[in-house]
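Think of it as A, B, C, D and E in the order they're written, each chain with its own count starting at 1.
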Amino acid sequence: MENNKSYIKIDNVSMWYPVKSGIKLFAKEKQWVKAVDKVSLEMEEGEVLGVIGESGCGKSTLGRILARLENPTDGDVYIDNVSTGELMKRNSKEFRRLVQIVFQNPYDSFTPRDTIENILMRPLKIHSIAGSDEEKRRICIETLESGGLHPGEDIMKRYPHELSGGQLQRISILRAMLLNPKFIIADEPVSMLDVSVRADIINMLLNLSKEKNAAVVFISHDISLTRYISDKIAVMYLGRIVEYGESDEIIKNPKHPYTQALISNCGSIDPDEIMDRISIVGEPPTPINPGPGCYFAPRCFKANKECLIKYPAAYDLGNGHYAACDRLNNE
Amino acid sequence: SEPASAQAPAEEKVLIVRAIGDPMSFNPDTLPDDNNYPIVQNIFNRLVKLDTSKQIIPDLASKWEVSEDGKDITFYLREDAKWHDGNKVTSKDIKYTFDTIKANETYYMSTRLGIVDSIETPDDYTVVFKMNKADVSFIADLGWYGTFILPEHLFNNGQKWEDNPASKNPVGSGPFKFSEFKQGESITLVPNKDYHEGSPKLDKLIFSIIPDDATAVQALINGDIDMFENVPAGNVEELKADGNIRLALNEYPSPMRIIFNLKDKAVQDVNLRKAIATAINKEEISQKIYAGVQKPEYNMYPSLIKWASNSEETSPHFNIEEAKKILEDAGYKKDANGFYVTGLTLDVFEGSGYPEAAKLIEATLAQAGIDIEVQVHEYNAWSEKVGTRRDFMLEMQGGFMGPDPAALAKRFGTGQASNYADYSSAEFDALCEQGAATGDQAKRAEYYKKAQALLVKDLPYVPIVTFAGYDANRSDYINLPIDGTGKWGWAEFTYTDLAAN
Amino acid sequence: MERVLELKDFNVTYVNKYKKVYAVKNANLQIQKGDSLGIVGESGSGKSTLAMALLRLLPEKSTEISGTANFIGKDITKLSKTELQKMRWKELAVVFQKSMNSLSPVHRIGTQIEDIYRVHHPDASREEIFKRIEYLLQLVNLSGRVYNLYPHELSGGMLQRVSIAISLMHNPKLLILDEATTALDVVTQGQILDEILKMEKELDMTRIMITHDMSVVSTSCNKVAIMYAGEFMEIGYVKDVLKNPKHPYTKGLLSSFPSLKGEKSKLEAIDGFLPDLSKLYDGCIFAPRCQSAMDKCFKAKPRKLETDEGFLLNCHLYGGEN
Amino acid sequence: MKRYIGKRLLTGLLTIIIVFAINFIIIRLAPGDPIKTLMGKETDDPVLKAALEHKYGLDKPLPTQFVMYLKTALTGDLGTSIIYNRPVTDMIGEKLGATILLVLTAAILSLFIGTLMGIMAARREGSFIDVAFSGISYVLNSMPSFWLGLMLIIVFSSRLNLLPTYGMTNARANYTGMKYILDVIVHMILPVGTLLLIEIPIYFRIAKSSVLQVTNEDFIVTFRATGMNEKKIFNKYIFRNAILPTITIFGISLAYLITGVALIEIVFAWPGTGRLVLTAITQRDYPTLMGIYLVMSVSIAVVMMIVDIVYAVFDPRIRY
Amino acid sequence: MKLDVKNIFKKIREFIAKDIQLKCGFYGIILLLLVVIFASGLASHNPYDFGPDILNRIGQNGHLLGTNNMGQDIYSMIIYGTRTSLKVAVISALISAAIGTLVGGIAGYFGKNVDQFVSEIINIFMMLPTFFLILLIIALFGNSIVNVMIVIGLTTWPSNAKLMRAQALSLRERTFVKAGTAMGESRLQILFKYIIPNGIFPVIANTTVGMSNAILTEAGLSFLGLGDPNVISWGQMIYSGKAYITSAWWISTFAGLAIVITVIIFYLLGDGLNHVLNPKRIGRGGA
C-alpha cells in the first residue's frame, strides 16, 4: 500500500474467534467464527463512512477493532500511516485521545453509580487535560451547553438514570468529543432511541465532526439513515465487505446481489413506492467456517456452481465503487 | 412414667454406663487409655487394684510381702482364678505380662519396670519381683494403668500385642466377658459365670458412648442410661432432686493446681509466689465453678490420702491485704495503674472449668496488684507448649497424685519428666527417697509430711481445689462401683444388681 | 363489513403503591374484518399495554381497565375466566416482541407446541398436531426439524418465525403482532412481512401490527393509528395518513425518517420528550412539544374528530369548538 | 459430555490433592501430636515418647511423611489409625453409613418439604401462608443447630418422653430385623428433625424466589395468552424451570451437611464420621483425620459432579 | 465534596422503604449498633465482675435476666456480647467480601486464562469442608476471637468470589466498561471504578448472609469449647449455660435468643437488599 494520501487505512483486518464446542469430541480442526475477515478500507480526514449489513455480520467487531478495544487476529489499522497497534504499545493514552467510540446503548454507556460530573471529568483527569478541577468543570459545562444541554450546571449534578436516552446519547458523544479525537466510531448511535429524537443526535454528531474535521465511521443497519449521513458506504456480509462506494451510488445503483436484496427489502415510508422485494431464501447464515466460496452464494439468487468454489475478488466499477461478486461481469 | 426405650424385657438386667469416647484398644497394657480403663477393669484382673477411695486392695494377689531391704516383693496369687476360656491363671501369665511390657519401650509401664531386675515364679501361684532399688510405691503402681495380667497362652504367638488378634478380642480373667464393640456406639460385656468371686448379677453391661455432657444428663434423666460418672457440677442440684437418681461423691487425688516455672525469672522470687498463692480465692472458685463439689485444697499433697497429707503446714489462705503486704515487704512498688507486678501469663487448657477458674484468679490477683494474663489453649496445644517446650510462667493443671505419696517425687523430684516447675531441692529428693524405701506407713507419712513442708516453703506450686465429681446412677441399682470402698475396684460391676423390691 | 374489534373509551391504568400510570387513555378504535391496522408510536406510548389489555394478560391486582372492548360481539373486559381461556389463541392470538424469551428454555419446541395445540383440542393426536405444525412451519419458511429442538438452538429470526407459526395455529380471527419483527434485520424482516401478507390472504385474517417503524406500516398495513402518550392522535388509511399527515405529531414523526432514495432533506426532530404518564393533563397531551400549539391546546382536550369507519383526528387545529 | 466428565474428574483429583496438602500442612504445623494421647495425661516419660515417635515414623521429615502417605493412599490404603490401631478404611467404613443415612434422609426430606413450602408460598405470595412460612423459615434459619438439637431432646425426650435421647439404636434391646429398622427410624427422628428444621428454610427460600422469578418470565405470558390453564402452566412449565436452582442448592447443601452434621452427631451421640473427625482432631490422629478429609473431599467432589450432570439433564442449555 | 447529611438520610429512607424486610433489617442493624455503642450505658452491671450473686433468677437482686454460676449479670453479658457477635460478623464478612470481590472481580474481568485458573481455585476452595477447616485451625492455632474472625473470613470467600465473578463477566460486556477502556482507563482503574462498584451488590447481600453464618459458626465453635474465653460471646454463654439448661435456663436461653434475633436481622437485611437490588423480581410486564 503505497498510497499515503488517505488518513485512515484499514489493512486486511481479520478477527477470528475460536468456537468453544465440546460436542464434537475429536474435532481435529478448530472452529472459528470469522467475525471480521480480511477487511480493507481507506478514509480521508473528515470523511463519514457508513457501514451497513445485517445483524451479526461483524459491524460492531470492526468498530471495536478500529477503536482498538480488541486486537485483530490479522492485519492492522493505520492512522496517518502509523499502525494503531504500534500506537497502543507506544502510548496507549495518546491513541485513546486520537480515536473515540460512541456506543449504541446510551442507557448503558455510563456507570450508574456516578454523577454526570464525575463521568465527564474522568477523561479529562486520565489525560490530564486542563489544570485545576475548577477549570475541568468549566470545560465540561461548556461542552454540555454547546451540545444543547441546558443548564449544564444542573445536568452535571444528575445521575445517568435521571436523564432521557436522547440526552444521554448527546452526553456520550460530547464525552468522546472532549478529547478532540480525529477519528470517531459511532456504533449504531441512535438505534435505541425514539425516532423523534434521532435527528438531533445525528445532526449534532455530523456538526461536531465537521467542526473538528474528524473522520467518522457510522455503523448502522438503518440504510436510509446511513445514506443520509455518510459520504461513503461499505456493505458487510459475514465479516467481509461485499460492496463499497459513494453512498448515493450504493443505494441507487447497488451491484452486489446482497446489497440489492438488502436495499430492496428496505421499506420506505412512502406507501406509494412500489416494493419489489428480492427475497432471499434459506436460513440466516452462521459465521462459523463460512467458506470456501462466496459467503453469500448459498442464498444468492444469482449464484452458480463457481461461486461456491472461490471467494470472489473486489471489482472496481469506477468512481471508487467496488463490489466483490464474480457474476458482475456476466451482466 | 417410664420412657418407651427403657422397657427392656423385664427379666434382663442390663446396666448402661455412659462412656465419653471409644477405647483406643482392648489390650489394657499398651496404652493408658481413660476410655477403656473402666471397661478393661471388668474384663481383666491385676495383681492389686484401687478401690473408689483410691486405696490399694487385693485382686489376683491375695496377699503380698516386701523383703527387709525393700528390694523383693512377693505376691501370692489366688488359686481359683481362671481365664474366660477356662484355663487357669498362673504365675507364668504374670511373668509373661510384665516381661513383655518391660521389653517394649512403647508400652506404658515399660519405663517404670526399669527398677525390676527379674521376675521369678517359684511356683504356679507365687511371683517375686526382684528390684534394683527399694520402692514400695511400686505396689501401688501395679494397681494403676497398664498392669493388667494377660493370658500367655493366647498372646505368646510371636506377634506384638498391637497386632495380636488376642488384643482385638480380649480374653481376661475378670467378672465380665467381652461381647461386642460397635465403634462410636457401645461396648457390650456379658457376665463371666465362672468368675472366682462369683458370677456377676447383671445380664449385660453396656458402655454407651455419649460425647456431650448435656445429652448424657438428659439420657440419665430419661432412663436411657443408668450410670454417669462425674456429672457436671451444674447439674448436681437438679439431679439430686430427681427421685430416680442417686448421687454419690467420688473424689480423686488429682487437685487442680497452678505450677510456677522456676526457670522463668518472672516467678523466681518466692515472695511473689507466696503473694500469688495468698491472692487466690479457692473458696470462690470451688463455689462458683464447681458448686462446692470440688473443695478448696490447701494441703500440698491431696487431703484425700489422709495418712500422707500434711494438714499442718499448708499453702496460704486467701487474703488480699496479706498478699499486698508480702509484696510491699519484698520491695515491690506500685506502678501508675496500681500494679506491683505486671506481664505474668497463666497458661490453661480448655475444659474442666479451668479457664473460668483462671478468670476468677485473674480477677483476685488484680485486686492484689498482680497483673496476670490468662491464655487458654486446646489441650494438645497446651501440652505442647507447657509439657514439651516448658514455655510458660504459670500454668494450671490437674493430674493424679495418688494413690501413693511417692507421686510427689515424680511431680517435684529433681530432673523428673513430670516436674513442670523444674523444682530442685536435695533435701526434698532425699526425703522422698526415704519415704519410698520403707514399708512402714507411719514412717513414710513422716517423711512425706516433711517434704510437703518444704514445698510450702518453696511454693513451686499452689493447690487450688480438689478433684471430685458426683457419680450419678439410677437409684434402683445397688452395689455400684462407688459403693465398694475396701471391697471392689473403682469401676467394677461384679456385685451390681437391681435392688430387690 | 363485519366488525372484529371495537374499543370504546378504553382505559388502562397501572396502579401500584405509589402512583398510577395512565398507559392507555380513552382509546376508541374499530377494526373491520380483513383489516390490517398498524399502531405506531414511540417507546412507552402504551402500545404493548393495549395489546396485553386486549388479551387480559395484565395482572388484575395492579391494573385497572375501563371502557369496553367488543371483540366479535363479546366484551372482552367482562368475559369470565373460562370464556377468556376459550377465546384466547383460538380467536385472538398474539406474537410478542421478545421471542427469545417467549418459549420455555428447558422444553423442546415440539412439546410446547403440542401443549399449546391441546389447549383447544385436548384429544388431538400427535400426527394431527404434527401435520398442522408442519404446514404452519412451512408457511413461515422453516423446516420440520425445529420440532425436536430447544429454543436456544435456534437463531432469533427462526424463533420469531416459530412464534408466528404458533400464533396461527388455530386460525385466529385477530392476530396481534407486538413489535414482532423489530429485532430482525431488514432482509429477514422483509421475508417475514412477505410471508405474513401471503398468509393473510390465505387465512383471511385480521391483523394488528404494533411497531415504531413507519416503513413497516407503510408496506404491510392498510390502516394506521398513531399513538402518543397513551392516546390515539390520528387514525386513518395508511395511504392518507402517511402521504398527507394532519396531526402535528404525525408530521413530526414522518419528518424524522430520512427518505431512502429521495432527496436528502434535513432531518427534523421533535423537541422534548414523552410526558409523565402518571399525571393527568388538562390540555392536549402533545401540546408541550407541538410547534403549532395554541393557548387553548394547553387548556382543553381537543375534540376528537371521528368518522364511522373509526377514523380519528385528535387536534385543536382540526377540531371544532369543544 | 465425556470430556466434561474427564475434566471434572481431573479437577476433582487436583482439588483433593490440594485439600489434602493444605490439611496435611495445617495439621502438622499445629502444636501437639498423637503421642500425647497415646502416652496419656499422667506421664511425660521422655523414653516412652521417643519410642512412640519412632514407632509411628513421626521423627521423619515432613515431606517424606507426606510422600509416604500419598503413596499408600493412592493404593487405596489410608493407613492405620495411630490412636486406635485399626485400618482407617475400616473405621470410616463403619461410620460412613450412619452419617450418610442421616445426611441423605435429611437432605431429601428437606428438599421435598422445603420446596413444597416454597412453592405454596410463592403461589400465594403475600398470603397468610406465605408470611407464616417465611417467618418460620427466618427463625429456624437463625438457630444454632446444636442448640436446636438440645431443645428438641429436652422437649421430646425429657419432657414428653416420646423419643429416645441419643444414639442410633436402643442399647438395652438388641433388636434385629424389622424391629431393628424401626428402632433406627425412631432414633433418627430427632437428629433428622433438627437437620430438617435447619435445612428446610434453605430450600424454602430458593424455591419461593425461583418460582416467583419464573412466573414473571415472558414465556409464561405466552402460555397464558394461549389460554392454557394455570395449573398446567405451573406443573409443566414453571416447575421445571424453577427447579433448576434447587438442584444446585441440593448439591451445595449436601456438601455442607456432610461436614456440618458433626455438631448434630455430637449432640445426639450419633455414631457418624463427623464425630470421628472431631475426635481425630483432638487426638491428632493424623491418618484418620487425613482419611476422613479424603473421603469427605471425594464425596463432595462426587456430589458436585453428579449435581452438575443432573443439572445438565434438566437444562438443555448447558452444553459441555 | 460536601456531604449533604440530610439528603443522605432521605435517600436511605427512600431506599429502604422499598421493601419491608429491608426496612426491618436496617432498623434492626441500627438498633444493634446503638447497643454496641452504648453498651456500657445500657448494661446494668460490669459483665466482667464476678459478683457474689450466683445463679440468681430473673429479676433477683436487680439482675434483669438473672446471673450465671460465676455471678455475672446475664443481661449485661448479652449487651456486651453484641459487640463480640457484631465484631465477628462484620470483620469476618468484610475479609470474606474483600477477598471474594477482588478474586472474583479479577477472574471475571480479566477473563481467559486468568479466569480459568482463578475459577479452578475458587472451585477448589468451594469444595473444602469449611466447617472442619475452621475447626481444625481454631483448635490447632488457638481460639482467640481474632483467629476466629480471620479463619471464617479466609474460608468463606469463595461464594462471594463466584458472585463477583459472574457480575464481572457480565459487566465487562457492558457498554460503560467498554467506554471506559476507550476513554483510556487502565485495567485496574476499570476494575475498581466500574466493575467492583457496579457488581458489588450481590456480594453485599450475600455478605449479610455470611455475617449470620459467622455468628452461628462462632456459636458452634463455642459449643465445642473452642470459643475465646477472654471475650464475652453469646455462643460461649450457651456453652457454659448448657449444664444449667434445665436448672438455670436463663443463662443460655437469652443468649440463644440474642443469636436468633441478630441473625434474623442480618437475613432480613440480606433478603431485602436482594429484593431491591434484583430488578428481576419487580414485575417484568405482564402478570
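Operating definition for what follows: a residue touches a chain if its C-beta (ideal position, glycine included) is under 8 Å from a C-beta of that chain, and two chains touch if they have at least 3 such contacts.
Here is each chain with its UniProt name: A = ATP-binding cassette domain-containing protein; C = ABC transporter ATP-binding protein; D, E = ABC transporter permease.
Remember, it's a predicted structure, so these values are computed and weren't measured experimentally.
Chemist: Measuring centre to centre with C-alpha atoms, which chain is farthest from chain A?
Modeler: For chain A, the chain whose C-alpha mean is farthest off is B.
Chemist: B-E versus D-E: which has more C-beta pairs touching?
Modeler: Comparing D-E with B-E, the pair joined by more C-beta contacts is D-E.
Chemist: Per the centroid of Cα atoms for each chain, what is the distance between chain A and chain D (ABC transporter permease), given in Å?
Modeler: 55
Chemist: Counting in whole Å, what is the centre-to-centre distance of chain A and chain C, each centre being its mean C-alpha position?
Modeler: Their C-alpha centroids are separated by 32 Å.
Chemist: I'd like to verify one number: the distance from the centre of chain C to the centre of chain E (ABC transporter permease), where each centre is the average of its C-alpha atoms, in whole angstrom.
Modeler: Once rounded, the distance between the two centres reads 50 Å.
Chemist: Which residues does chain B have that touch at least 2 chains other than itself?
Modeler: 214, 377-378, 381
Chemist: Can you list every residue of chain D (ABC transporter permease) that touches 2 or more other chains, as numbers and ranges?
Modeler: 30-32, 150, 154, 158, 217-218, 221, 224, 266, 278, 282 - these are the residues of chain D (ABC transporter permease) that touch more than one other chain.
Chemist: For chain C, what residues touch not just one other chain but two or more?
Modeler: Expected reply: 52, 57.
Chemist: In their shared complex, at which residues does chain E (ABC transporter permease) touch chain B?
Modeler: Residues of chain E (ABC transporter permease) touching chain B: 48, 50, 54, 69-71, 139-143, 225-226, 228-230, 240, 242-248.
Chemist: Residues of chain C touching chain D (ABC transporter permease) in their complex?
Modeler: 52, 55, 57, 84-90, 93-94, 96, 98, 101-108, 115-116, 119-120, 150, 152, 163, 166
Chemist: Would you pull the chain C residues touching chain A in the complex into a rising list?
Modeler: 42-43, 141, 155-158, 184-191, 194, 212-216, 218-219, 238-239, 242-243, 252-254, 256-262, 264, 266-270, 273
Chemist: Sort out for me which residues of chain D (ABC transporter permease) touch chain E (ABC transporter permease) in the complex.
Modeler: It is residues 11, 14-15, 18-19, 22-23, 26-27, 29-32, 138-139, 141-147, 150, 154, 158, 205, 209, 212-213, 215-218, 220-221, 224, 255-256, 258-260, 262-263, 266, 277-278, 281-282, 293, 296-297, 300-301, 304 of chain D (ABC transporter permease) that touch chain E (ABC transporter permease).
Chemist: Touching chain E (ABC transporter permease) in the complex: which residues of chain B?
Modeler: 213-214, 217, 232-235, 237-238, 284, 287-289, 291, 350-351, 355-356, 358-360, 363, 374, 376-378, 381
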